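Once you scroll down, you'll see the structures, which are given as structure tokens.
Across the two complexes that follow, chain A remains constant while its partner is chain B and subsequently chain C.
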Partner chain A sequence: MIEPILHVTLAVLAIAMIGLIYRLVKGPTVPDRVIALDAMGINLVSITAVLSMILDTSNYLDVILLIGILAFIGTVAFAKFLEKGEVIEYDRDQ
Partner chain B sequence: MSLLHWAILAPFIMAVFVPFLRKKAASIHTGWFVLILPVVLFSTFLQYFPVTMNNGSVSETAAWIPSLGIDFTAYVDGLSLLFVLLITGIGALVVLYSIFYLSKTKESLHHFYVYLLMFMGAMLGVVLSDNVITLYMFWEFTSISSFLLIAYWYDRDRSRYGALKSMLITVFGGLMMLGGFLVLSIMGNTFSIRELAAQAPELNDHPLFLLAMILVLLGAFTKSAQFPFYIWLPDAMEAPTPVSAYLHSATMVKAGIYLVARFSPIFAFSGYWFWIVGAVGLFTMAWASFNAVKQTDLKGILAFSTVSQLGLIMSLLGIGAASLHFDALDDNIYTAAVIAAVFHLINHATFKGSLFMVVGIIDHETGTRDIRKLGGLMSLMPITFTLSVIGAFSMAGLPPFNGFLSKEMFLLSMIQLMELNLFNVESWALLFPVLAWVGSVFTFIYSMMIVFKVFTGKFQPEKLDKKPHEAPLGMLISPIVLALLVVVFGLFPNLLSYSLIQPAAAAIVPSIIPPGEQLYVNIYFWHGITPELLMTIGVIIVGLLLYKWLPKWMGVYDYFPGKVTLNHFYNASLYAAERGSNSITNAYMTGFIRSYLVYIFAFFIAALGFTMWAKEAFTFDASAAAPINFYEVALVLVLIAATLTILFAKSRLTSIISLGAVGYTVSLFFVIFRAPDLALTQLVIETVSTALFLLCFYHLPKLSRHEERRRFQVGNAIIAAGVGMIVTLIGISAHSSKFFDSINAYYIENTYTKAGGENMVNVILVDFRGFDTLFEIAVLSVAALGIYGLIKLRLEKGGETNENE
Partner chain C sequence: MKTNDVIFQTVAKIVFFMIIFFAIHLFFAGHYYPGGGFVGGLLTSGAIVLLLLAFDMKTVRRGFPVDFKWLTALGLLFSVGTAAGSLIFNVPFFTHAYDYFQLPLFGKTSLHTAMLFDLGVYLVVIGVTMTIIQTIGESE
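Right, the complex of A and B next:
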């Protein structure tokens, strides 16, 4: 019973992903694209979770956590880059 | 290693010690020490006389590379002994002469004698080797040492030009010769010349025979300065005169003659040999003697005269090949040609050596070699005058000297050729004696020029740098000895006939001597009124008349425009080769990586595409393929969209982000295809590398950070599409044709039982195939260290450290 639901979920997530890709390609400004990327990361988390249910395995739980961390770090880094022009600042610059 | 081997190597060993002698015993001219060696060698080799006189031979073998059949085999027979005596005898005289010719203080004597000894050893090696590979090795040694000796005064442009020219031409010939030797050794399955000669009849029918012959002859013709390769010899006259006397008249240029003579037993039965060797030699003889008359430099005259005389000897060797076709000894008149060749070889070495030394003396005592500046030296330098008269008259072929005898024999051979009904000689027969006669006339003219333009006429002291006077005695000894030999051989030619000439001739055409008998060699002055005597008289009369009216017909040479000479052709072809290769290199070495990538990818497409097409390698078999799911299709669409975004993005930032999207999509593929470890790593790495791309982007210089779309180029698009298609086709084909099962069953079975792990990927990485991991760790360490080094190490002082600063 759960199997078709999972597939439907996955299809919806994939369509959402295509929408995010559209925003990534089209996105008039860079922040648009960064947000799209961040949302894609979270979308990936869900896709991976659904997939691991379909594949009936717990091996992908690490991947889910990692995507969460990376999406956060990446978005923060992008945000800082867009704000300040660099990601890691030197002490002497201040 | 026998005495014979040590004799060949002795000059090389001596050469090692020469620089020490020069340093430790600086007060004594180094040449005195060097002089000992050729004298000792000469007397050592004299002991082989009794052996060779009875047509015997001595052979000593020392293993060099036995596994390849290359031995250092020294072999003495009549021909080798003749050359050895020339090399060591004239070598000794040249060293003696050089002691007085070269200044002890002004010249770097150790260089001179090291090169000269190297040359002497190499030349001994050439004439004594029985193994073609050692022969080739010593052959190249002579080329190299000759190169060094020609450029002895290396601060002069002309010396370097001459050295380079002789090097290029003789090494070209040497390499061709090596090819010929290798072909020969393939045909005969041996490197030994004697063993090759023993199977000469079989070799004659071999399809590669002509190729081997032409290659070997190319080597001989370049070394012996035959047409059209003679052009290096006149330019080699920039060498010190002892070198010209030794290398470029008596020994090295005869290496080609030696080669032709040595390989006669193998090749000479063929008609090609007769025609190539005979015709090229005769044409060289006539052409060079014609050109010698126009020279104004004494050494130039002698250089062309050497070329001409070598051509004479070469043509005699070619014609002597005809003797192989007549069995009976009595009616075999063509053996006379071989005898004449050997005899003239000896004669030429004596009179040409002495003439070069005489020219050296004139140069040394007057400061010039230009015949337009010289004249009237007869009373000032009487001994030199006498020597040059003997040498030049012998060269011209005048009666009391040995040149007369060999020139008579030469003309006789040419006349006899008209009776030959072999190799289609009939139709051309008249050309041989005519060319020979014309060549002899010009030989007569330039010989007279050497004597009379220099020693008679008006003395012009104002044109000379020095006040001329007779040379010191030491300088005169060597030419006197040689001139004495000219006279002695002229008056008593039969001194030589059975001691040197007959064994040498027997080595050149072994089949002409029936076992136990001897070849009849008798050289005498008076044959009666014969055609050749009349020809000689004709030469003298016509020569005298032409010499008298020389200024009137000298204009003939102006009709030979400078543009069609061989020298011009040589220079132009070198220039063209240099320009051509330069422009070819510049055409494709653009310095742009994009061009090189185009070459690489175009080659990739061409090579793989051609292979797939030629081997009909494309197969498509979907039976092994897995079913396609909806989310795989969706993911592929995402991947394609992100990739196209990279290609067509306007800004670089968009490209970088799209690349990140590609990476994340790939990691999702890893998830779908059940590879959690790969997915983890891919995510992390993708994040880090995207960050690095951003770093690079930020540090782009302001000027080049302009955001414009990449220009579309049709060529690039085609190549990109081609590469993509080829790789796709190969992927499909490879997947469609699996020949055996995967080995993964082993890992699945043994991951837990043998390695004690449950994660198979990790067990493979660190256990089953841990070596790869080790070196990938090494790669990462190297990359990290390299990046650290690149950032921290700024050795350029004052250079730009950062493009933004």
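Right, the complex of A and C next:
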């Protein structure tokens, strides 16, 4: 019973991914693209979760947390680059 | 212009420990589940990179007063030492040994010398990644 629902969920997530890719390609400004990439990371988390339910394994749960952490660090690095022009400063108090 | 990153800095302080604990979990689970020294090391350096983003190089260097090049050397020494240690017991190079021990807190635990080799991989990955990032971040 749960199997067809999961497949429909995967299809919906794939459609959402296509919408995000549209925003990634078209996005007029850089922050639009960064937000699209961040949302794509979160979408990948959901796809991995649904896929691990379909494949009936719990070995992908580490991947979910990993993608979440990497998406967070990547988005923060991009945001800092857009704000200050450099990602890692040497001395903040100067 | 002085910016005020109080939200980001507070979040980074909390998330840092979450990432470190997850990395340690991945490192110790590597023998029976997905994970191991490589992913654990990458994630640990990812946590330090998060601190580098939230604060600056000087503050992080004060928090982790290690030269990461020495960490790489220490990891290589661990790996080679684990591999060469088998020669003492008159068995071929890289032969690993394991046994079950009764530890006070964990109960019956299987201790494996492959763990020491994995610790070497972990230290090398942290050392190399942090050396690369600090070298790139330092140049003006």
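Observations on the model:
Keep this in mind: the second predicted complex is superposed on the first by the 92 of 94 C-alpha atoms of A that agree within 3 Å, B and C clash if a C-alpha of one lies under 4 Å from a C-alpha of the other, contacts with A are read in each partner's own complex, and residues count from 1 in each chain.
Note that a residue touches a chain if its C-beta (ideal position, glycine included) is under 8 Å from a C-beta of that chain, and two chains touch if they have at least 3 such contacts.
This one's a predicted model, so the numbers in the text were calculated from it and none came from an experiment.
Look at A:I18: by the touch rule set out above, it reaches chain B but stays clear of chain C. When the two structures are aligned on the shared chain, A:L37 is found in touch with chain B, with no touch to chain C. After overlaying the two complexes on the shared chain, residue contacts for A:A77 are found with chain B and with chain C alike.
By the touch criterion defined above, A:I67 lies against chain B but remains apart from chain C after alignment on the C-alpha atoms of chain A.
In the superposition on chain A, A:I2 makes contact with neither chain B nor chain C.
Of the two partners chain B and chain C, it is B that touches the larger number of chain A residues. Shared interface residues of chain A (contacting chain B in one complex, chain C in the other): 59, 62-63, 66, 70, 73, 77, 87. Those residues of chain B that touch chain A in the complex are listed here as 630-631, 634-635, 637-638, 641-642, 645, 653-654, 657-658, 660-661, 664, 667-668, 671-672, 674, 676, 679-680, 683-684, 687, 690-691, 694-695, 698. Those residues of chain C lying in contact with chain A across their complex are 3, 8, 15, 19, 22, 26, 33-35, 39, 43, 46, 49-50, 52-59, 133, 137-138, 140. By the touch rule above, chain A contacts chain C in their complex via residues 59, 62-63, 65-66, 69-70, 72-73, 76-77, 80, 83-84, 87-92. Across the complex, chain B is touched by residues 7, 10-11, 14-15, 17-18, 21-22, 24-25, 30, 33-34, 37, 40-41, 44, 47-48, 51-52, 55, 57, 59-60, 62-63, 66-67, 70, 73-74, 77-78, 81, 85-87 of chain A.
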